[in-house]
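Once you've had a glance at the structure underneath, I'll fire off some questions.
Should a chain be cited, it is by its letter among A, B and C, assigned in written order, with residues numbered from 1 in that chain.
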Amino acid sequence: MRGRRWRVVVLTLTALYFVIPLLSSLEFSLRKPGGGYGVANYLAIATDPVLLEALTVSMEIAVITAVLVLVLVVPTAVWVRLRLPSVAGLLETATILPIVVPPVVMAAGIAFVQANLNTPLFNALFSSPISALTPFYVVLAVPFAYRAVDNGLAAVPLRTLVEAARNLGASLPTALLRVVLPAIRSAVLGSAFLTLALVLGEVVIARILLYTNTFPVAVVVVGQSQAGVSVALTLASLVLTWLLLLLVSFAGGRRRVS
Amino acid sequence: MANLLEAPAPPKEKVRAPRSWGAVAGLVPFALYMLVFLGGPLYFVISGALSDPSGQPTLANLVASVTQPQYLAAFWSSLKISLVTALIGAVFGAFLAQAVLTSRPTSPLRRVVSTASGVLAYFGGVPLAFAFIAALGQTGLATIALRGAGIDLYAAGFRIDSLTGLGLTYVYFQIPLMVILISPALEGLQPQWREAAENLGASAWAYWRHVALPVLAPALAGATLVLFGNAFAAYATALALTSGTIPLVPTAIASALSGNVLANQQNVGLALGFDMVIVIGVVMVAYLWLQRRASRWMPR
Amino acid sequence: MTGTAVQSGTAVEFRGIRRSFGATHALDGLDLQLKPGELLALLGPSGCGKTTALRLLAGFDSPTAGEILIGGKDVTGVPAAKRDTGMVFQAYSLFPTMTAAENVAFGLRMRKVGAAERARRAAELLELVGLGARGAAYPHQLSGGQQQRVALARALAVQPSVLLLDEPLSALDARVRVQLRDEIRRVQLAEGITTLFVTHDQSEALAVADRVAVLNAGRLEQVDVPQIVYAHPATPFVAEFVGVMNTVPVAEGRITPGAAEQAQIRPEALRVGAQEGITGTVLTSTFLGAVTRLVVTTEVGELTVDAVSHPNLPGIGDTTTVGVAA
């Protein structure tokens, strides 16, 4: 085929550029203090109670966020497609809005409330990282989740599915849960894993709001004294999420690769 | 349920649902949630930016945010890193996207690159920051390897936790983001255009210059803008890489909020946040406008 | 539309062309000549290799074996940009960021023709295809038929030796299709340019071509003037593909079930309500204006009969006798 050579060159150079930091991470993470290699850094997650607790907290946040995001996004996306298609463009623009407010700015606004507004409601909200961070992580995840779910819905005969289900006696929520959701399974899983990536990597809001016991923040703090551990843990979470997404991509079959 | 609003002629034949209040009601939960948890913080940023610590309205914060020397320096650094990494990311990302696109659709390479792009673009700065420390830090693998080949980076003044080092790290996620953004436009290049151009005597270079690049121009510009906004807004990488010691607008905001440098700068911090929202807002509007132009060339 | 093909112009030859993709042969030994100035329609179903043949001639593809000659010269190794052909694609081939005039002038620009001369020639060609007033319009502002006319003008602008048309009418509305078909033929006759017209629509091929070449699964079934191909199909495939054909067992000139000999009879050569023939039930009846097409289920299968329309024709479900017209 035309131009095979340039393609090989580009892809090889790019592969090198992207692989070197990952390889370096691997090498760095396996270094032992006295020289030689070992997996001590990876085991730190099991031996360091601070890290373990932080991981637990972040996983809880991730699960709740992922569920909340889907609860918010899937019915809305379905609703727009079925009942308000004229609003589709507007909604897509609206889901880009969270991108216009960078996490650091969002954190600034929230920090203001956290510092200055002393009501029982807000105190309860800010009492734990889970209750404080989850609602805002949902906002961060919406743009990506909405796009993924909408693409998934575009690939199925939505109206026909829902009408057929209702014709057979299902209520709308049941139709959503039992018919639509399985049909967009790979989009749903994809957005769940992306949310996981988001939560495991979000340091800005957590740090500014002074929650140090989420996983990514704890990792950054540890990194200041034990870089090897941080490298190991972040590499592990990156690889894990990537593997999950690859799985979804292969299992999804004719899912659009974009 | 009374149909208070009748929809105009349906755009597609399958859609016949009239726009009733009931239908709009279905959007309420979503709208409400976004209003509270996105609109809320934004409201406090804007109102805080426009008030002084005692709550009186003032423009002093906004003025200070763009005139005081430390903030000007922050803006300048942010601008530099955003512009440079956007351009580098755009060029290399476009080439990479084209290389991937012209390979077989079901090839494993393509799946790997696209999922990797997704993960790298969405994961944020923390893993990348540590990966670059591992590669180009004082004891990093690449640093050592280069030293072995006779190139001593750190002797030449390079530091991974400098603006340059940060920029290098930014490029790592700018490129995948560009691949994601530009692929639809590249896919929209009709093969007939290439063949018609060839048939009329055009070389590959002439085709790109006269046909393909003009078509791609709005999409390329729009994507570069998004890359700019992305770098401008980024903070996680800087946090992880430099512990927030580099002068950048996000760093300045964080410092002002925590009273790190000067106490009682909260409102100026919020003003800086407001500035950021304006910058990114302008970028997004320009992007959307360019998107609309780009879709004009797409076949109906 | 018939006309006398101008005898100037370039001859084209496919010699022993084979194009294989692994084990599949898209073209299997094609020998075909185009006479100077003639319009040859390459007709066949999807996948028969007609588009492959066109693309080989244009230079977008290389044959696995064989030669291609234009004007007696072997161009088999010559790249597409250097061949003297002009191509009109099925759709979407106009450059979207250029006006119609700029599109038409593109080939001239590639040949380093000056701006003034380019503009003049573009205007002249747009006038030729009836779009003289739309030079400043962009492709997305033009209808499908108008776009194809611009594409035709663009292909002719560089005065190629051979004009290649890749199903140029397939993406258009029916009404526009007929108009444009005649338009293309008119221009082709006026310019006297040797043309290869690829199509899957047999009525299109019959209407427009000097000669028709029927292709099936990479092999040439018949090449001849339209009248001969229609009235005297050389193979069963051609008989089925070009027009509708009934295949019936006959003995002594009459339809006889169980007879050993098979004959091919066109619908207009049969009639319903005949004195002698085979009985059957009318399955469908399609009113086509002057003619009504009836499909009658009989002992020897479904027979298609084209009868002159009149009120006393049998309707759906009626019994009738199908016989050979005298």
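Throughout what follows, a contact is a pair of C-beta atoms (placed from the backbone, for glycine too) under 8 Å apart; a residue touches a chain by one contact, two chains touch by 3 or more.
Bear in mind that the values here come from a model prediction, so they are computed numbers and not experimental data.
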Chain whose averaged C-alpha position falls nearest the assembly-wide average: B
Relative to chain A, chain with the most remote C-alpha centre: C
Chain centre separation in whole Å, for chain C relative to chain A (CA means): 55
Whole-Å gap separating chain A and chain B, where each centre is the average of the chain's CA atoms: 17
Whole-Å separation of chain centres (CA-atom averages), chain B against chain C: 52
Residue numbers of chain C (touch at least two other chains): none
Interface hub residues of chain B, defined as touching at least two other chains: none
Residues of chain B defined as touching chain C within the complex: 190, 192-193, 195-203, 206, 210-211, 214-215, 296-297, 299-300
Contact footprint of chain B on chain A as seen in their complex: 1, 3, 6-7, 10-11, 14, 18, 20-25, 27-29, 72-73, 75-76, 79-80, 82-87, 91, 93-94, 96-113, 115, 135-136, 138-139, 142, 144, 159, 194, 197-198, 200-204, 207-208, 216, 219-220, 223-224, 227, 230-231, 234-235, 237-238, 241-242, 245-246, 249-250, 257-258
Chain B-touching residues of chain C, taken from the complex the two chains share: 58-60, 79-82, 85-87, 89-98, 106-107, 109-111, 140, 151, 154-155, 158
Chain B residues touching chain A - in the complex, by the definition given at the top: 7, 11-12, 14-15, 17, 19, 23-24, 26-27, 29-30, 33-34, 37-38, 40-45, 48, 92, 95-96, 99-100, 102-103, 105, 109-112, 114-116, 118-120, 122-128, 130-137, 139-142, 172, 175, 180, 183-184, 204, 229, 232-236, 239-240, 243, 250, 253-254, 257-258, 266, 269-270, 273-274, 276-277, 280-281, 284, 288
